[in-house]
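Below are two complexes that have chain A in common, paired first with chain B and then with chain C.
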Partner chain A sequence: MKLSKKVVLIGHFGVGKTSLFRRFMDNEFSEEYKVTLGVQIKKKVIELPDGRELSMIIWDTEGHSNSIEDTRKSYLLGSHAFIYVFDVTREETYATLHKDLEYLKKNHAKVPAKILGNKLDLVNEKEIAQHLTSQEIHFDCLTSAKTNKNVQNFFSELAKEITK
Partner chain B sequence: MTKHQDDHLHFNPQVQIIKISYDGTIKETDNNFFNWKKNTSVFDAHPFFEILRELERNNDTDKKALNFPCIHLEDSEVAKICDVTFTIEKKEITIILFDYTTKYKDLNQIAQQKNESILLSKQLELKNKYLLEKEEFKNSFIANINHEIRTPLTSILGFVEVLEKTKLTFEQEELARIIKRESLHLNSLIDDMIDLSKIESGKLKVVEERFSFQNLIDGFRESYSKVAEEKQITFETTIDPSIQEYLIGDRTRVYQIINNILTNAFKFTEEGKITFSITKNYQRTNKTSLNFKIEDTGIGIMQENIPHLFERFTRFDTDKRVSGTGLGLAIVKNLVDLLNGEIKVNSEPEKGTTFNIKLPFKFEVIKTAPKRKKKKYTLPKSKNKFRILVVEDEEITQYLIMKILISTGNFFVDIAINGQEAINYIERRKYDLILMDLTVSKIDGYQATHMIRNNYGDKFISEVPIIGFSGKANETAKDKCIRAGMDDFIAKPFEQEELIYKITKQIAKKAAD
Partner chain C sequence: MEEQDKLKILKKLLLSEEKEFADSIAQKVEDLTKIVHQKEELSHKVDPIIDDKLDEFIQEIPTTLGPTITEALKEEIKNSQDAVVEALFPIIGKMIKKYIAHEMKLLSENISKKTKQAFSFKNWFRRTKAKVQGISQGDLVLSDYAKPRLIQLFVIEKNSGILLADFSPLSDDTIDKEMVAGMLTAIKSFVEDAFQGGDQNLELIEYELYTIHIQNFYSYYVAAVISGAYNMMFKEVLEDQIIDFAKNHISNKELKNSTLFTKKLKKYFADEIV
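Up next is the complex of A and B:
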């Protein structure tokens, strides 16, 4: 049977979800900021290390202003993974991280949530990693959609994890 | 599907209805905007519909109806933003697409503006933070480099003074004079850099003090008359007699402004004359505005260069014999702005330049104050020489101070290379004065002073006069020394006379107590 997995990008507005989405899907990047209203969905077929093919269906959702609870509940239904994106340069985008993760755990207990800090190109990687750790922000990956740093690798690892 | 929905669909072209089987095959569609074929898979129409597989897998299809608002749907021909409803029935699923593209695009514009303004203010905040950090780094860099340059400069200037007192040939005398002149130039360059850095970082505070304006102008008249004589040009000074003798303002900065302009006028005038006139613009209650006009018959400035005259590192002359860093006029402009004044320049090549500077002052209607003269001090009579402890880690400065003090024939000198060693020395021997470098290692000058003042019952130790000295010469350095318990402060590079004066003063004061 053909493998198909739904992955939802969530997080505050302006953190770069759409940039990550475009970088992963089409390897494109634009400096121009464009609000995402609702959700845009695309499919990308990737080959897994064991030769199987996976259709990754990525839902790029509208960013919220306060917490994940603002995200429309129906968008989260039937997900195989959540990617919680925050902006490493804006503390308010990870200030509600713990609360948001609790919400996801409570309502989607079986769905893994990956934490991703984006806009790495604007900061010093070592310094921001230390800063985040000191703030008890545990992240899975730091990326730059602009420079493509760690983006493809992150999605490849995620694909492997959700197809185990 | 409800009756209401059904009616709605028939009359609303903005709605498309698709009926599919549970395996996703399209059984029926009105193709109102998406032209999807019967008997094809809805999963191939758009990846959004893959959600149906997941809902079925997770038994979420138990729900009778599911709504997905604001879904971006597109195929090769059409792009819509729709609210999508799945109505799950026994044998089929009805999908209804409500086209709200126009409404959502309008909402999108509002959200775009709102989010953009928030992100922009955040970006500005970040940029501001970055600039502040950069500025802080620059200032600390300048302060540190200043310290590093001043230390060897102190030695150079000091040794030149020592050298000048030895027997020298005419040629050697000339060489020593050049070293001194260049070192003093370097010293003033450091001062310029620090001033500019302070002004730009907003750290330069305007001081309001009462000072003799007449004395200030007399000083210019006296020193520049000598220069004029050497250059064989005329220097004329006129002052409006109605200007108060004593004014309230920042004397140091006023001096700096006028001195800079006069220096430039003399630098670029080889013949003719320089006139310096001060007139009153207005006077109200206790306020007055003065105009300082400095007019020369020098080389002048090209018209197109005038707008760039006050920019940093701007030099228009190509004559390398005329020294300068291009910082002087940038400082002048910044200082004039800081004092709420105005500066204007008119110039014509080969004819000369005129600077007009308007500066505000305050004044008090009081009688003239007596002139304060520097009080003279002499060392108390003693059979023995006075013993000085010099706490300094730089070998060259140690040697210089030792040479200066010993050459007077009045002092014995001990050297401690850090604060700890200084403490050891004072416990073993009585000193008449300590010269304390503020940045020595182990225990710094402030800490060492604190220990001397507080840890000893023996007054000979706890009340020994201490003079702090440092290359980090700023307005607060002296205050900081006094607060730390020292008696005075001397900035590097110091002049021999100043050093001896301060030492003599402290020893004399202690003896008088």
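Up next is the complex of A and C:
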């Protein structure tokens, strides 16, 4: 039987959601910054360890400037997972994390939300991990769309989790 | 000393300056005459050379200046594409219109010619119909072609945009149906959100020669891609068929099984609508 799941990328503008999206989908990266308007959707078929195939339909939404409540609500409906992306070099992109997670919990209680810190290539991994922990920012993964660090692995793990 | 010699000396003394002036004028006149004559002589010699060079220059313009002018024009067009399109659009539009009208006329005449030659019950019926209605057989054949046709049918989960089932009578697999389902849902969500029409739903999308008929149900919606003239009669029949399928041919349990759903959808919609 066909297996399809909707995964939505959310987060402040300029955190690298589209770069992660392009890195995972097409293994491409560009330094050029283009604002996402509305949403873009792509599909990637992932082979699961048990041999099944998952069509992961990823919705790359436009970034918000204040909180997740600015994101078009209908884009979040029917999701099987959220990926909350923040920029490890810009504190304002994770300043509203706790509030945003509360919002997701309240409105989409059954949908898992993964926290992902991007642009790891610009900082020292150990130092930033310590800094984030001291700020009580609990992340699931630190990635770099530029160098492809942890990107493929993160999505593979997510695929396993949402098909359990 | 005689009187005349004295007068001469006196004249010399009194008019020496004037004489000098007169001499200098005479010299200048002589110089000017020389220059004028020289120029005339020069022009006789130089003019043919200049004419030859000018002819040569005119002939060589395409090779010497051509690339530079072309490059400059290219750059100018590139920098002001909108202006060029704005200027050309009405002209090209008219040309295309004229061309299409002409081609359609030819096509209609061709069809009329061919149908006149053919003997079949269908053609006999069409000929009779054309005679009764007072229109050409070509126009009747064309109206047959403009008939609305179902190109593709998608059944899509309402919120997630996940494709539950699909059917295409033309069996065209060139598009990624799952991505189309996602984008259709995003467009639908955007329109329904943006215009804040409460519980209102997007029901129709038109693009060039196609129409997407959207029919909403509780947990899913059906998007039917139609080619040709989508009219009220066709819309009603299509709506009735989709409702009948949803009510009588698919259960809630079967909604979750996309393979079975697709099989049933194909079986039900295999016959041409209308």
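In this section, the second predicted complex is superposed on the first by the 164 of 164 C-alpha atoms of A that agree within 3 Å, B and C clash if a C-alpha of one lies under 4 Å from a C-alpha of the other, contacts with A are read in each partner's own complex, and residues count from 1 in each chain.
The definition used in the following text is that contacts are C-beta pairs under 8 Å (C-beta built on N, C-alpha and C of every residue); 3 or more make two chains touch, one makes a residue touch a chain.
What you are looking at is a predicted structure, and each value in this text was computed from that prediction instead of being measured.
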For the three-chain model obtained by superposing on chain A, do chain B and chain C clash or fit? clash
Thinking of the overlay built on chain A, is A:Lys6 touched by chain B (first), by chain C (second), by both, or by neither? both
Just to be sure I read the superposition right, which of the two partners does A:Tyr33 touch: chain B = first, chain C = second, or both, or neither? first
In the overlaid three-chain picture, which partner chain does A:Ile41 touch, first (chain B) or second (chain C), both, or neither? both
If we overlay the two complexes on their shared chain A, which of chain B and chain C does A:Ile57 touch? Say first, second, both or neither. both
Would you check which partner chain A:Tyr75 touches, where first means chain B only, second means chain C only, and both and neither mean what they say? both
After the superposition on A, what does A:Lys17 contact: first (chain B), second (chain C), both or neither? neither
Superposing on chain A puts chain C and chain B in one frame; which of 27-35, 99-107, 189-197 or 261-269 is the clashing stretch? 189-197
On chain A, positions contacted by chain B and by chain C: 4, 6, 38-39, 41-43, 55, 57, 72, 74-75, 77-79
Touch list for chain B against partner chain A, complex: 46-48, 50-51, 53-55, 57-58, 60, 66-72, 81, 104, 107-108, 111-112, 115-116, 118-119, 122, 126
Going by the contact rule at the top, pick out the chain A residues touching chain B in the complex. 4, 6, 13-14, 33-35, 37-43, 55, 57, 62-63, 72, 74-75, 77-79, 89-90, 122
Which stretch or stretches of chain C touch chain A in the complex? 157-163, 176, 178-179, 182-183, 186, 189-190, 192-193, 257-259
Could you list, by residue number, the parts of chain A that touch chain C in their complex? 1-2, 4-6, 38-39, 41-43, 55, 57, 59, 72-75, 77-80
